[in-house]
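What follows is subunit A paired twice: with subunit B in the first complex and subunit C in the second.
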Partner chain A sequence: MANQNILIIGGGVAGIEAAKGIADLGYKAILVEKRDRLGGNPDEQQYAALTPDLRDTQEALDEMMAPMLNNPNVDIRYNTLVTGASGSAGNFKVKAISAGKEVEMEAGAVIVATGFTHFDPGRETQKYGYYEHDDVLTLTDAEKLLKAHKFVRPSNGEVPKRICFIQCVGSRDRQIGNEYCSKVCCGISSKQAIEVRQQVPGCKVFIFYIDMRMYGYWENEIYWPAQEKYKVNYVKGMATEIVKRGDKLLVKGEDTTMRRPMEVEMDMVILAVGMEPSEGTKLMAEYFGLKQNKYNFIETTGGPLDTVSTNVPGVFAAGACTGPADLEDSVSAAGLAAMKALASVRKSQPVLA
Partner chain B sequence: MTALDISVNKYSDVSYEEKERLFEEAKADGRWDHILYGCYECGICVAACPSARFYDFSPRLIAQAVSREDVDLVYTLMNDSVWDCSQCFSCDRCPRQNSPGQIITVLREVAVRNGLQTAKQALEGYGRIIYKIMSTGSQVSPDMLQPDAFPDWGKHVHEISENLDVWRKALPPETLHTIETGWKVDEKTIIELYLIWHMTGVMDLIEGIDEGLFMILVDVMEERLEEAGYDVTFD
Partner chain C sequence: MPVDKSQIIEKESVTVEGIELSANWNRMFEQRVIFDYDTDGLDKVTDLAGAESMGWCYQCGQCIPVCPVDQVGEYGPQKIFRKLQLGLDLFTDDDLWKCTTCMNCLRVCPKEVDMIKIMPAVREEAVMEGNVPDELQEVFENTFEYGNPMGESQRKRADWVKDAGVEVPIMKEIKRPVDLLWFVECYPAYHGRGKDATRALARIFKLLGTDYGILGAEEKCSCDSQRLAGETGLFEEFAEHNIGLFNKYKVKKVLVTDPHALNAFRKEYPKHGGKFETIHYTTYLAPLMEKLTFTKKLDYKVTFHDPCYLGRHNGEFDAPRNCLTAIPGIELIEMGRCREQSFCCGGGGGGMWLDGFMADHVSERLSENRVREAVATGADVLAICCPYEVSRFEDAVKSTGNEGKLLVKDIVELIEEAL
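Presenting the complex of A and B:
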């Protein structure tokens, strides 16, 4: 008989949701997390507020995790790094280093939820000078400033008067090798633009973009209010280069709508960095023999109709380890992965009355 | 047709503060919040716009400039673009419910109220029509049918203009038996029109844009108002 425990690797929102689902169905979930805290990137990178509802990140995560923390069906292994795997559907043996000691865990099915990492703009081919200029930031850097309610120029501690976001940094770029859209950055930039206008009302905010991708309700929940209520300036056209002029940043680009090149001075520039597979995602693909796509995300096999099954029976993947995903995607996929993982170990067994 | 050049700050001789003052005047208009939301740059307004087919004119550019609050550009457009609109409001089909046409209405009013030189130039050719409407209460009149001025009105224009009063009397409604006005305007109606133009500030607008026209109109109006028993001065 198959082992009926489900092993979940990664304690971000997808891992948490999957563990909750398994536990609620009365089965045992082993949740493995390499850090000493759950919450994944939103927690580790100190996101100020979630997209799209601008809810306080910590509050929302705490509420999400609460029902799971004291649930006897969830065995959370903090500070645990998976180092290898063997076995097959129904009987996986997963090795890990837990608090310095080597351990082995057994499970009937595995859900990989190891997520993404933010694109490192130091790797880009365009000349945005992330490592040269103090006032060039990434979305994650900006989250920390917004969370601390101290949105100031890193170079001199002054409150900025003009800032801009540059979209699609590390995404939709054949030169970099990431041809895909990272899906969330338009929404996050617009969310941050609203937060900047709330915290620093005197600051002019520009967003330079290729297309704004604000699907579904993000349109009326973030994009429209940003433009109509908070007067964020959306300028269609990308910046090609950032250079220093005095103590300002000179952003060069084209204002395509107005049919003119632009050179504008900014106090801060925020690069809307996209998603790449995390180290953990790449390692899990290797340990479990999971097929990866050309960007090294884990490839799911069912096209649009099955977003969690992999080429290895009994191993499922959920969230941003399969490609760019927002919170809604990640949580939805995690629920599906929990259902399919349990189904894979319960199949052909009679349901007990 | 002149090309609209927005690549440079054409009116750099006008201070930013003055441009901002005019923009603020437009934004303070009661209609503003119902005619401007935000612009996608989708171009549906340009697609629907008859003027855009014949002039270097773009309602999208207007909506975009005011939406971005680009003070210099708004001033340039207020001078060089708003008079190219035919005010047909086909652009009202905007998915964000903007009305570039009504934004233009407001910008035109600000331009006129503040006596912008370009507004004066744009309206110069309309002085005769404004005089006719405001002094008589009717628009094009039969005696404006001059063969030399309107050769395109056909080969019978000479014959018709020579016996205008006869032709007019051939029309069944008695109110059309007129030559100097398009129709018979009742005395009470014209007095009410004068009072409305006086009280709603229309005369102040005319004064700001064409002082000569203003003075001629005042002469006509003051006399007839006095005859009707109203003691009104226009300055």
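Presenting the complex of A and C:
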């Protein structure tokens, strides 16, 4: 008989949701997390508030995890790093280093939920001087400042008077190799713009963009309030480079609706960095023999109608390890992955009386 | 660097620090690089009650192709928004006075950027600061002093009745309530061609046996266009005056000649205590057309101009057309821009009194643009039902060289012609 345990790799929102789903259905979930905490990027990178509802990240994550933490059906393995896998559907053997010791776990099916990493804007193809200028930040850097309620210029500790966001950094770019849209950055920039306006009302906020991509309700829940209520200025046109001028940053670009060049001084610049597959995602693809797309995200096989099945029977993938995903996408895919993983181990069994 | 010729400005004279520069020094270049987004001007607008939506523009640009002023110049909410982000002070800029509040932009705006509220709010501030084009200021003063924008004598407001050929009941004299109070309004009461239509309407009322009365010399301008041009104080004072008369004469239903009055009475007067129903004369006449006995067939091809404040603003598109098509012989040919898409004559929102000012900003008047469109339909007659239009369009027929090709007639004039 197939092993009916489901092994979930990665304790971010997708992994948590999948583990909860399996436990709620009365099966056993083994949740493997390399850190000593759950919560994935939102926790590790100290997101101040979630997009789109601006709810406090820690509070929202705690609420999500609470029903799972003392559930006997969920076996959480912290500080555990998967190092290899063998076996096949119904009978996987997964090796890991757990607290310095080699361990092996068995499971009937596996859900990979190893997520993404933020694009590094210091790469050589980048022109924004992320590592040269203290006041050039990424969205994740800005999250930390907002979380601490200390939104100041890193260079001198002063409260900024003018800041801007530059969209699509590391996304939609053939030269960088990331041709895809990272999907969440427009929303997160707008969310942060709102938070900046809340925390530093005197600070003017600009967002330079190619297209604003605010899907579904993000349009009216973030984009419109940012502009209408918080008076964030959206300017169509990208900044091309950043030059230091005195203690300011000179942002140079083209204002495309005015069809005029712009050279404007800013106190801080926030780069809306996109998503790339995490190291863990690439390693899991290798260990389990999962097909990856040209960007090294795990490729799912069912097109738009099956967002979690992989080329390996019994191995499913959920969340941002399959490509740019927001929280809503990630938890939705996780629920689907839990259902399909359980179905795969139960398939041959008669319906329970 | 190659010179972009469109960026060159030739000044007639240039004085720099007190020294007049001669010869080629008068060639200036417009600064091309944007060095600052000074959004204080935008914030000043959006902080104003009523003008908040100026900040809602997400630059889709749908307003521009339907903005009448952009057809003859460079204008529209999307462009104003960008200029505001770039430091424009709308409160002192000429752009403040170009909008005719025709509402075509709001009709297509997904974000509901509402120039119908933004313009009067910002203009009110400009009026208080005294930053008003001279010709408009004169109209405000005339209205204040004489009760009408032309500065005609208040006492002569009902002089047109003398030549009406029928008795016109005046409320002060008849001393009894009537079914319908006819609010004649300024242009129909004073303007030469306006009075032609006014008298025709009085004669048609007689034929129909309409129980009505006019306010005569007691009536004062409804002031809607002055309100939209920023004179809120004047508007409120006049609204109270007219509402006082309506109350005094126990008026339940008002018939207006002027769609601008219709707009004021329906949307603004209730805020000041007005409790009465208002209809436009075409709405009144349309169902009664079958009661009129026509004796003549008019051999006219007619095109009809939807007034902004009757159609888009107040939703009446059918009544004027029903009046026209009930006239024997008339063939109605629609212009491309008709009904909801109708093109403004340029008279609304204070535009009626800003032709001199606008001449410096546009390639042709809106009324001229509209007359060209009317002529292109092959119509002999441009039918109208807003008192601003007869003078605007008759002037435009002349200035576009179409005299003899196109007649401008009020719908009531056409009705009477066939009786």
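Assume the second predicted complex is superposed on the first by the 351 of 353 C-alpha atoms of A that agree within 3 Å, B and C clash if a C-alpha of one lies under 4 Å from a C-alpha of the other, contacts with A are read in each partner's own complex, and residues count from 1 in each chain.
Definition applied: contacts are C-beta pairs under 8 Å (C-beta built on N, C-alpha and C of every residue); 3 or more make two chains touch, one makes a residue touch a chain.
Every value quoted in this text rests on a predicted model; they were computed, and no experiment measured them.
> Based on the superposition on subunit A, does the combination of subunit B and subunit C result in a clash or a fit?
clash
> Which partner does A:M262 reach: the first (subunit B), the second (subunit C), both, or neither?
second
> Touch check for A:Q198: first (subunit B), second (subunit C), both, or neither?
Neither partner.
> Who does A:Q227 touch here: subunit B (first), subunit C (second), both, or neither?
Both subunit B and subunit C are touched by A:Q227.
> So which one touches more of the residues on subunit A, subunit B or subunit C?
After superposition, C is the partner touching more of subunit A.
> When you line up both complexes on chain A, which piece of subunit C, out of 6-14, 60-68, 276-284 or 294-302, runs into subunit B?
Stretch 60-68 of subunit C has C-alpha atoms clashing with subunit B.
> So which bits of subunit A does subunit B touch that subunit C touches too?
On subunit A, the residues that contact subunit B in one structure and subunit C in the other are 224, 227-228, 231, 233-236, 257-258, 260.
> Using the touch definition up top, name the residues of subunit B that touch subunit A in the complex.
6-7, 37-39, 41, 60-61, 64-65, 67-69, 73, 96
> Could you please specify the touching residues of subunit C with respect to subunit A in the complex?
Those residues of subunit C that touch subunit A are 32-37, 39, 42-43, 46, 52-53, 55-56, 58-59, 82, 85-86, 111.
> Quick one: in the complex, what on subunit A touches subunit B?
Contacts found on subunit A: 224, 227-228, 231, 233-236, 257-260.
> Could you pull out which subunit A residues touch subunit C in their complex?
Per the touch definition, subunit A meets subunit C at residues 204, 206, 212, 223-224, 227-228, 231, 233-236, 255, 257-258, 260-265.
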